[in-house]
């Protein structure tokens, strides 16, 4: 288990977090850019000094700075794998030598061969590091980091520089590896879909503080606050009274507003269709209620786009947040 | 538009550059018309550059440039055409004689630069050297002192510098005069080209001043100008008295190329050189130098003025301006 | 007169402009200006003369120069490389000033450097006494020549090596740490290989500077004659005609290392597999 407790002042705020990554599980720090995610990874990795706090990995103290107790285990003794957004492959070594960099005698063992097979790098072993595509480079970096048998992996938005297909491929690969090797992973991302796909637990980070820790599903159905709901993709907040749901605000997410009336699924309302536009594989409707508030709904067919019409809509178990 | 602006800037820069470089040589031309271009033995740099030059320029309105070096080395540069001074001032007449008859046919000796032995007050031998300088100990002590192992003596390259040659001759004259034990001279200098003792002219006195030499050969004016502690050597060995020329000539030093150089009085000889730009300015310089005002400047810097100028070579070739100063 | 558009839209000029022509002329003139002394040297040196001089008295200074400069290079690589590396690592406090102070010998006339070395290494100086214990002289000796060459070439080597180390991406060093390699092994497996092209340039610059060192060498070590001092003495003793062949030998001996470095870099050999 990787246990992190950090208090680290930055330019406009202080990063103050306390989190635990259980062994063999994926914890995802999710939040907007500049929230302090990289700082946490950097301090955990040993590249920045811990100002105040305590970091323990599987019972081994990595760093401590509390009162008079000061301890800092150098980065090269922490057995933490690290992957960053921009791959840092050694340009003077080919792929094979990059991968076995950390291994004694630079020799490939069965474990490493297994990694190479899973990551489909067999055909690229003698290629120069600069001849690969972004996705291939990250696969090599992953193989290299795992070949060193780290006790946990720190991933700093490793796939955000890749295009969509490559990113999805990498996510699948990572899942497969995590499952096969029971990797303990602390992943940082600003993409909600990535967090949802990869994490067992998501920690929502904003301005240095963890606002909420939850499983991906729970985060969507029960965001703890307006801030978290916004980060989770909730776009509109209406007084709960509009739907007869008591006090507070009801949070609306376009993917959780169905056109049509299905009282069994949640509160129903009526609104006029103002606009309609394609959104990835679906369509989004812009609705406006007679009382004034605007919201969005998601439909599967373009035929259901009837601008100007008045339609019913159902909210799927919307969360109610304190105002 | 940026491109045409870039072009005009470049054109302007090139034109300006041409103007500057074009003006350079032109300016050079105009200045050499009025410049005394003096080449001299290195030890004369201070007196010429710092004292004679400003006075000369003030009195005559002509410009002055000077360059120094080992006398023979400078003569070599002149004869190969590398430099074209209109005045050459050397220690001893031999360097000038090497330039005859192509560049000149006469020279005037006007002051002597006798050898002294400069020493460092920081030397472990300083107290004994001072005693000799003050006359409390006999001169013979000096030579046994210098012959001791561990005595760091410095001198210049006899192959290229008259001072280097004169120093060895001085030791030989001393051995003769004082009946020094046989082999003393060899013990003192090691060999004519002893690498342990020979230093570049520019560096020699600096080494002494830095306290890294016990003693060094020097000309009296050098010692005076740089305020060094020194031991005065008697006329018989210091080669500073033209009247003793015959006795100086009894000793000689043999160089690497087999040439043998005889002792001569260490007299400053000066001449103007032919075939050089602006010869008249050169004549004016020599005239000023040989005038009472110029000679006084040399005297104040430690040079021993000869009671009567020594004339070598063709008397009739001396320009009348200069001749008038010799009366 | 029609100018053809070059199809690459990214080239800075779509058609030759006055600016480009002017720069080309300027560049050619400058190159010519810089190369003229070499042309004179080669044309005025008689080749039979060169061979004869080599036999009689050119060989000894050459051998000495190559020997002293080789030793100086070993010294510089040994002490200068760690210093340059240390300076490239986020210099704080003391080492920041070291970098500034290093520039001073660069700006000092070599003659002055030589005179200062006399103070430090002459027979009656602190180091002079130290060296005397080992029977080494800091004046007019092989050691003295190496000493003067090291002092003259050191700033060139250290500052160029520093630039080479600066060019190594810090992220790669951190990556190596994260893979478990401590700083020492990281230096030899990551930093040094990536800095080698730059270090090679530094070495060849230092070589050229050291083998041609004159101002400090002639003060500290008039003997034994390396090539530069031999040229000077030949000039004084015998004249230009005898000095030029030695100068040509000096140039020929100084060239190989820098030339090799240029060729090496041009072939983009970052790290030989």
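As written, the chain order gives the labels A, B and C, with residue 1 at the start of each chain.
Operating definition for what follows: a residue touches a chain if its C-beta (ideal position, glycine included) is under 8 Å from a C-beta of that chain, and two chains touch if they have at least 3 such contacts.
If you're wondering where the values come from, they're calculated on a predicted model, not measured in any experiment.
K.L.:
Could you classify the connectivity of these chains, where an edge means two chains touch, as line, ring, star, complete or other?
P.N.:
Topology of the interface graph: linear, an open chain of contacts.
K.L.:
Report the chain ID whose CA centroid sits closest to the centroid of the full protein CA set.
P.N.:
C
K.L.:
How many angstrom between the C-alpha centroids of chain C and chain B?
P.N.:
35
K.L.:
From the C-alpha centre of chain A to that of chain B, how far is it in Å?
P.N.:
Centre separation, chain A to chain B: 85 Å.
K.L.:
Taking each chain's centre as its mean C-alpha position, how far apart are chain A and chain C in Å?
P.N.:
53
K.L.:
Can you list every residue of chain B that touches 2 or more other chains, as numbers and ranges?
P.N.:
none
K.L.:
Help me check something: in the complex, which residues belonging to chain C touch chain B?
P.N.:
17-19, 22-23, 25-26, 111, 114-115, 118-119, 122-125, 128, 137, 139-140, 218-219, 222-224, 233, 235-241
K.L.:
Please name which positions on chain A make contact with chain C in the complex.
P.N.:
Residues 45-47, 74-82, 84, 86, 88, 90-94, 101-102, 144-145, 148.
K.L.:
In the complex of these two chains, what residues of chain B are touching chain C?
P.N.:
For this pair, the touching residues of chain B are 3-4, 6-7, 10-11, 14, 69-70, 72-73, 76-77, 79-80, 82, 122-123, 152, 157, 159-160, 195-196, 198-200, 202-203, 206-207, 210-213.
K.L.:
Chain A touches which residues of chain C in the complex?
P.N.:
Of all residues in chain C, those touching chain A are 169, 171-172, 174-183, 186, 189-190, 193-194, 270-271, 273.
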